[in-house]
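Letters A, B, C and D name the chains as they come in the text, with residue numbers starting at 1 for each one.
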Amino acid sequence: MGRFTELKRESFEANVALPRHGLINLTFGNASALDRSSAVFAIKPSGVDYASLTPEDMVVVDLDGRKVEGRLNPSSDTPTHRRLFLAFTEIGGVVHTHSSHATAFAQAGRPILIFGTTHADHFNGEVPVTRKMTLEEIASAYEWETGNVIVERMRGLDPADFPGVLVNRHAPFAWGPNVSKAVEAAVAIECIAHMALMSLQLAPGLEPIETELLNKHFKRKHGAGAYYGQALEDAKPPTAKQS
Amino acid sequence: MGRFTELKRESFEANVALPRHGLINLTFGNASALDRSSAVFAIKPSGVDYASLTPEDMVVVDLDGRKVEGRLNPSSDTPTHRRLFLAFTEIGGVVHTHSSHATAFAQAGRPILIFGTTHADHFNGEVPVTRKMTLEEIASAYEWETGNVIVERMRGLDPADFPGVLVNRHAPFAWGPNVSKAVEAAVAIECIAHMALMSLQLAPGLEPIETELLNKHFKRKHGAGAYYGQALEDAKPPTAKQS
Amino acid sequence: MGRFTELKRESFEANVALPRHGLINLTFGNASALDRSSAVFAIKPSGVDYASLTPEDMVVVDLDGRKVEGRLNPSSDTPTHRRLFLAFTEIGGVVHTHSSHATAFAQAGRPILIFGTTHADHFNGEVPVTRKMTLEEIASAYEWETGNVIVERMRGLDPADFPGVLVNRHAPFAWGPNVSKAVEAAVAIECIAHMALMSLQLAPGLEPIETELLNKHFKRKHGAGAYYGQALEDAKPPTAKQS
Amino acid sequence: MGRFTELKRESFEANVALPRHGLINLTFGNASALDRSSAVFAIKPSGVDYASLTPEDMVVVDLDGRKVEGRLNPSSDTPTHRRLFLAFTEIGGVVHTHSSHATAFAQAGRPILIFGTTHADHFNGEVPVTRKMTLEEIASAYEWETGNVIVERMRGLDPADFPGVLVNRHAPFAWGPNVSKAVEAAVAIECIAHMALMSLQLAPGLEPIETELLNKHFKRKHGAGAYYGQALEDAKPPTAKQS
């Protein structure tokens, strides 16, 4: 048994929640949990089937990218996770899926505009989409550069207000103060993508909701004035800045 | 054990039926059961996961909005439920979901026109949509005002004939003589939204069904001349007026 | 125990298969099994939840419409089933569902054109749609008249070649040499409706398949030259004429 | 017990995985596993329900089309499987489904263009679609000719780079170095068809992804430079030529 048993268990729970929420086909997707005090995160091993995954299979990697614990190779997307943990200093978990509806928006290179309160309960505006990656970025350290285009797109946005992004031509990445909240963000992104797609079918030129309604719903759940949920619930970190 | 054990159990059963019917993602949505003789209703606690919910977690609130029983905070949507119980004096249960297809119509601000007999089995016409809420309504007692726009939209309509409404930019609310019937109405709204979306894709300018066919199906199931179901089934209250 | 224990069991099995195949929401839909030698059929009781249904709940009705066995009311759609058993003298089972995709076509009043071999494996052409019912038909013996418009639409078509029809503004009815085959037809109709809807989205003016391909697939499975399946399987009746 | 117990078990596992992955309705679809050293393959019996299938039901057929082991008739699609095993000398498994979204593309006669990295993880370009079969091909050895149009469409393409094809007006066929990989390809085709359909709805004239992004993702998983997955995983055959 290694030093990071609890971190691996937390990461494992998040990974196996992904197919249970219908976000994953085959082995597409992965979740990681960060222990910021130790500067390490536990991530899914590469290409292992969810049905056979165990907590001990999780791979612990440090923020410099070195494997610290685990006998398997970490997910090939590990550099993207690492890039996000370095840039968004308040987050504690990252989730990547190819969930169908969100990926349809990513493939089309379109943000998910905010058409209702389901969306406003989770995002303080649209779900952003990155620019396309350049040929140089694709040809070099691809997964690290994937993290870079996300960080670039998030410039000026608070990762606590926008807990996820669509990577153009690829799929969503989501995050949160811990990996369980990152899973919740990934579920929300898929759900609001599905609803948005159908609303656009019903009303092709649909306008986003009013800022007041957005603020009302987002702040009902997030920040100092939140009144949704129970006091015993973990308080959300008040700020989550990007470095 | 409190005084309202049975009411809480009834509310609990309705709440856990929502994810089982595929109407709920994460913690979106809630159901409440009213005991009109005691002027109290039992509602889901705010932000609690359905998987860990127990009957004892349900929160009992009176029609003046005071918590009567329960250690948790009631749903943040409690004032909307309370407003509906006060306005629609024959109903005994309210259900709120963000079910995907119905929410797509709500987001688009479109009623669900009545295109077939599945719809006519449950509604005596279209599923209505409210007007958008004003900035003042959003900024003040938001959840209470959400109830108010529903009541405004229902003016002139019998809540027994129209057991639900889409709140513009938000999602459906449903009701019934008891909370179990309100769940059934919520399932019906989602189902007919899905069918209507696809019928509109096949025939964009599709006209609603004839009044005669609507009346035939609605009255087969509802009111004095109903001949659907079993005599042993609870009779539906013959009228359900709005105050 | 009544005389028709086996017939009721067969009908029960078909009824509970409907929600298992995803064809049913709430209590929409019903299946019936015919014993032509006794001129009776066993059908689902009206408005009873599938989860609590037992074989003994099935109601046995004769071809003149009199209840022969059972303590509950038969499905309100019983006269439609009866009409079809009288008209199509080779069938032994009828299934009615409001399955979502097929109902979307019925609501739009459009037949399901034959766009591929999945469809041709089950139908010898399009899935027909009836004309709308007249106000007189709706106002009089509605369920019997529903059967009549189906029979009218099937004029000139062999019920063995076309094991189902969409009732305009309503939903599909399916049938077969026995009720288990009728369930299979109902599953097939839903499945090909879903595929056709998407094919039309990809290619709005899509043409039906060539007659040769249709014949090849349909006859691979049906009639004297069939070579699909096992010899031990019950032979299908070679003709199924309509009276 | 026959000589090919292990081969039949492998084929059985693949066949029952198809409904579990949601690729199959009723009895549409089949999988076969090849033992190239013995020049035989084990395939699903024709028209047998997946729920009642056992490993011993699998039928062993040689590459000349003669039944070698088994009491049931092999799938009516056996000649198509045989044609593919003869043409693509590096493959060890074939899967045929009528999965809904992929079949919608096949029915529309449209290839699935490559719109994102989910697709690029599995195909080195679009999912090809065959030409329509001629009336002569349909009227003669139909299933063998179905194999022929697939082989014709694959001319110049490596079956390891393109592990499946849509048969025009019909449905997908997929393959792989073994039948388990062929199932994976069939799942991928359905998944990317679903995403592509929705991306086209969001952006009707959407362009395929850049060759560089395609190459990056495909080669991350396939060929000499692959770095996805675990070293202990079976290496993929480096080339899979077509004869």
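Here, a residue touches a chain if its C-beta (ideal position, glycine included) is under 8 Å from a C-beta of that chain, and two chains touch if they have at least 3 such contacts.
Fair warning: this is a prediction, and the values are worked out from it, not measured in the lab.
Novice: Would you pick out the chains that touch chain A and also touch chain C?
Specialist: B, D
Novice: Expressed in ° and rounded to a multiple of 5, what is the rotation angle of the C-alpha superposition of chain B on chain C?
Specialist: When the C-alpha atoms are superposed, chain B turns by 90 degrees onto chain C.
Novice: If you average the CA atoms of chain A and of chain B, how far apart do the two points sit, in angstrom?
Specialist: Their C-alpha centroids are separated by 33 Å.
Novice: Using the average of all C-alpha atoms in each chain as its centre, how far is it in Å between chain B and chain D?
Specialist: Comparing mean C-alpha positions, chain D is 46 Å from chain B.
Novice: Which chain D residues touch at least two other chains?
Specialist: Counting only residues that touch two or more other chains, chain D contributes 201.
Novice: Can you work out from the touch definition every pair of chains that touches here?
Specialist: Pairwise, the chains that meet the contact rule are A-B, A-D, B-C, C-D.
Novice: Can you list the chain D residues touching chain C in their complex?
Specialist: Residues of chain D touching chain C: 25-26, 28, 45-48, 72-73, 76, 98, 100-101, 103-110, 132-133, 135, 138-139, 142, 169-171, 197, 200-201.
Novice: Of all residues in chain B, which touch chain C in the complex?
Specialist: By the definition above, chain B touches chain C via 115-118, 121, 184, 187-188, 191, 194-196, 198-199, 201-203, 206, 209-210, 212-213, 216, 220, 227-231, 233.
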